[in-house]
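Both of the next two complexes hold chain A, though its partner changes from chain B to chain C.
On to the complex of A and B.
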């Protein structure tokens, strides 16, 4: 792999942003119901307007934000924990957010407040895990990982407990939340989530250079002038904001955060200065495409229903990743 | 000779009384079955119901021995039923097998269509020795259906019945509610394919453009109008025709006549909506 040059950085990101815009436009055009494009532009067809701008556009924006958040957080966690199997849900933030959502559903809270509760849950989880994992004022990697995993297990056990005692309709809603869905409640919620995701993403890109050095270990990193401890905190806070916002609005959309960073690594290399933003953009593109498929695929079959987006991400993601991996392995053998 | 006559009379009386022997301890595994049993007049013999059984009021005092899908083994044993009645389509098959293994008598009946429901009511009635009441109940439901169909005349309003939000579960073709929609002389806009309870997105609602939306997602509480408000182009939203009905009325049981009456009033504009809660405006 060649070094990351300024030109490569801008070229790759520019291409990805263009691809993202193209994907958004395509997603606006694709859907199960027919749109009268002339009527839309004239302003005569309110139905077409509603389909494109009330139903499709907010969903596409949400898919983009969530994809960006999950993929870039996944890449950051893989660097932070020095573990290729890390996904954005591994450190317990998602567990806290999901538990808060499930509790709100169980208590019959109106849905607008469920997202807020979930985000508060995510921040609470972040604080709890942070303070539990700290040892002598430092945040060791393995303690962080173990605390996060145990916290997650505890949260999900509570979720299953709640699921057993609520009414059937609520149990169904809980399942829907856990699978991950991009059904938009209000554009306001999406915009607020976008702010948090944007903030987190900016923070993450800012420290992405230091992530390269951190993969060498704490002593090496400190010797090379990178404050590993402080970098870890920044990464943790940035990803908590992003993952908390994403999970509170969309539930647990699986597979995106795990495999997109690996796919990007295979194509563009392991330099985190490019990997983090590129993963974000590719994640956004992937999730928009997956959601478009989820809401369109089955609608004109004999089972005309929407699929949960998590189903598509795994069904497409897994084989696609295997193909990419095989091609890469074949390349190195030659 | 008189001895023989006495023995014969005794045996005859014994057989006659055992043939009219009703089941003394009946357990119902579904709310609609509970309602049917009480309506048939064997409510006193019902010793176990589900946690969802809330009608009639007397049913609330009966021991809870099951949830919606399956019975609680220990509670069932304590209730010691001589007859367990469940639904063919959604009582857990494994649970049924277990109860049968324990030696209890289990009878399952189908309730997926109107015809099946009427048939099941008659069969349950004859099983518990209330054949006449069963005929009366079935006839009452049948005539109510006919009466409503006659009353709802010319215009066929386009209706969407929503059972849940996030995911938005709607009534599809072939479901029980779909049949009731047809009975009241309306058109179900969710008529694609053959899935009984498909999940819809906002786009599907906008394109279907129903005249009336019956939103049962909040049980019988107020509708969450905020979630419908933004679908500005939909006729039901524009004309403020989003209504809610009590979903427990629509159980396949004795309250069906009232259920279809309320449904007819909700979907046909020129009926008086004295008890149907309407939209509070935008």
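On to the complex of A and C.
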């Protein structure tokens, strides 16, 4: 079966959603804190209830949301830039969100407001890059890419500057932000992030049907009835919402957006109608698993700490990406 | 009644290129006051030296570029007045080369030709699949339908692209060197297919071609473009004369005719 049929689409997504639920449940059961499971089910042990439902569950949900956002955005960016080596941070949104976060940390702003700042930073970056890259009302891909890369570089230069002048605890916070860390503060944060990610995800899935044709290039897309310009705008807005929300709560969790779409492409094919949602679900599963590992890896060692999840995604993601890159090195021109 | 509707059907493929002029954004003028007509059911060949504006002309006819002056009419309605969707349902465009960045299966690429005829989120219908398979059979590419396009040779990929254009079921095909990677057998097969479809009244084709010999065989009309202008237009025997070609290409050519009345053009090594 080489092309995407209705059956394949629903079957794959159904399986992935089931896997996601199983992963969530497994993650709930794992952790360094001691949980009295009988007490939990009886309803007598409030401490266990707190650990599982107030501490772990929101964090697991957040991991799922961030994984979904980053992986599906990664897939969409690869289609938009017609390059399988693109990731969701490449177009400068990461730089904007991170810079805004770091600035607010530097000014000693409480965490909830840091998130808002990050999100605003992401949207501001999107607007700036959009207008800088525009040429005669159109958004050419190579200009978008260059503008994004330069913008990112500039933002990170500023971040390094700020990092060298802040206090120790703030530098520590900044580091965790740059690596990617899922330290949840409230269920409200999770719900708000979920709204933005949900909206962006829906938008992406809506235009996923045009991404196949769009990847053939602007002219051929036009000749096949797809307005590449308009589709690019929708993708840019949708991904900005999602990546902005993800970065604002978790910092720059790397590699998820880069290699999850690759892996999904290898297993399920390149049709974007399936690739986008499937990448989202696989990304969610992956990040929940990675965060569980991050929470528990050093559990039984002499220095039990929780690692930031970005460490795990980078440790797995970088070698995984190298393997995928080797496969990628084949000619693409007709 | 039947004859009138047949006439109307064929009229729909009549293309008028009226006084087209076009300059690129850097100011270089690519085309100047180009005009010609393509009758329905015919194959028009655009020939000319490199850089003369053949590709630009094809793109303008496809509506992918907007002319600075003049217009292109299909069925008495300007191309520019049609929406992207309308255009994609009536015209297929085959570029000189295409970069496909993802390892789609060959069959998936051909199915993309059905995109103009279905809603973007819908899945392909049985009819879409049948049309795609038929198009692949016509270009002898069915045998590698299940393979990734990354694995195919240049010629195989080109046949897939051509199958995609056929699957679009357009009224007009605009082709830019469509057979450059194909061996002689597949070249002939493709042009036979094109001829069959055009004579059958299903299609009007315009192709930019480097192979003048092939053009002389299959084209009903040839337009010789030199430096953005129409140097000569007409039937192959009218256009393919030594003086016109030598001047256009800056060459010394030998033009002969074999016993069967076929024209052949060779470099003059005398």
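The definition used in the following text is that the second predicted complex is superposed on the first by the 315 of 334 C-alpha atoms of A that agree within 3 Å, B and C clash if a C-alpha of one lies under 4 Å from a C-alpha of the other, contacts with A are read in each partner's own complex, and residues count from 1 in each chain.
Methods note: a residue touches a chain if its C-beta (ideal position, glycine included) is under 8 Å from a C-beta of that chain, and two chains touch if they have at least 3 such contacts.
Only a predicted model underlies this, so the values are computations on that prediction, with no experimental measurement involved.
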**OP:** Have a look at where A:143 lands relative to chain B and chain C in the superposition and call it first, second, both or neither.
**Re:** neither
Subject >> Partner chain(s) touched by A:110 [first = chain B, second = chain C, both, neither] >> reply: first
Original post:
If you stack the two complexes on chain A, which partner ends up touching A:47: first (chain B), second (chain C), both, or neither?
Top reply: first
Subject >> Contacts of A:213 with chain B and chain C, given as first, second, both or neither >> reply: second
Original post:
After lining up the shared chain so the two structures overlap, which partner does A:168 touch, if you call chain B first and chain C second: first, second, both or neither?
Top reply: first
**OP:** Figure out whether A:301 sits in contact with chain B (first) or chain C (second), or with both, or with neither.
**Re:** first
Subject >> Parts of chain C lying in touch with chain A, wherever the complex brings them together >> reply: 25, 59, 62-64, 84-85, 87-89, 91-93, 95, 97-105, 107-108, 111-113, 115-116, 119-124, 129, 145-146, 150-151, 154, 157-158, 161, 168, 181
Original post:
Considering the complex alone, what residue numbers of chain A touch chain B?
Top reply: 31-34, 46-47, 49-51, 54-56, 59, 110-112, 168-169, 172-173, 176-177, 181, 183-186, 295, 299-306
**OP:** Could you pull out which chain B residues touch chain A in their complex?
**Re:** 68, 164-169, 172, 192-195, 198-204, 206-207, 209, 217, 219, 224, 226-227, 230-234
**OP:** Going by the contact rule at the top, pick out the chain A residues touching chain C in the complex.
**Re:** 2-6, 9, 78-79, 82-84, 136, 206-210, 212-213, 215-217, 219-220, 222-227, 265, 269-271, 273, 330-334
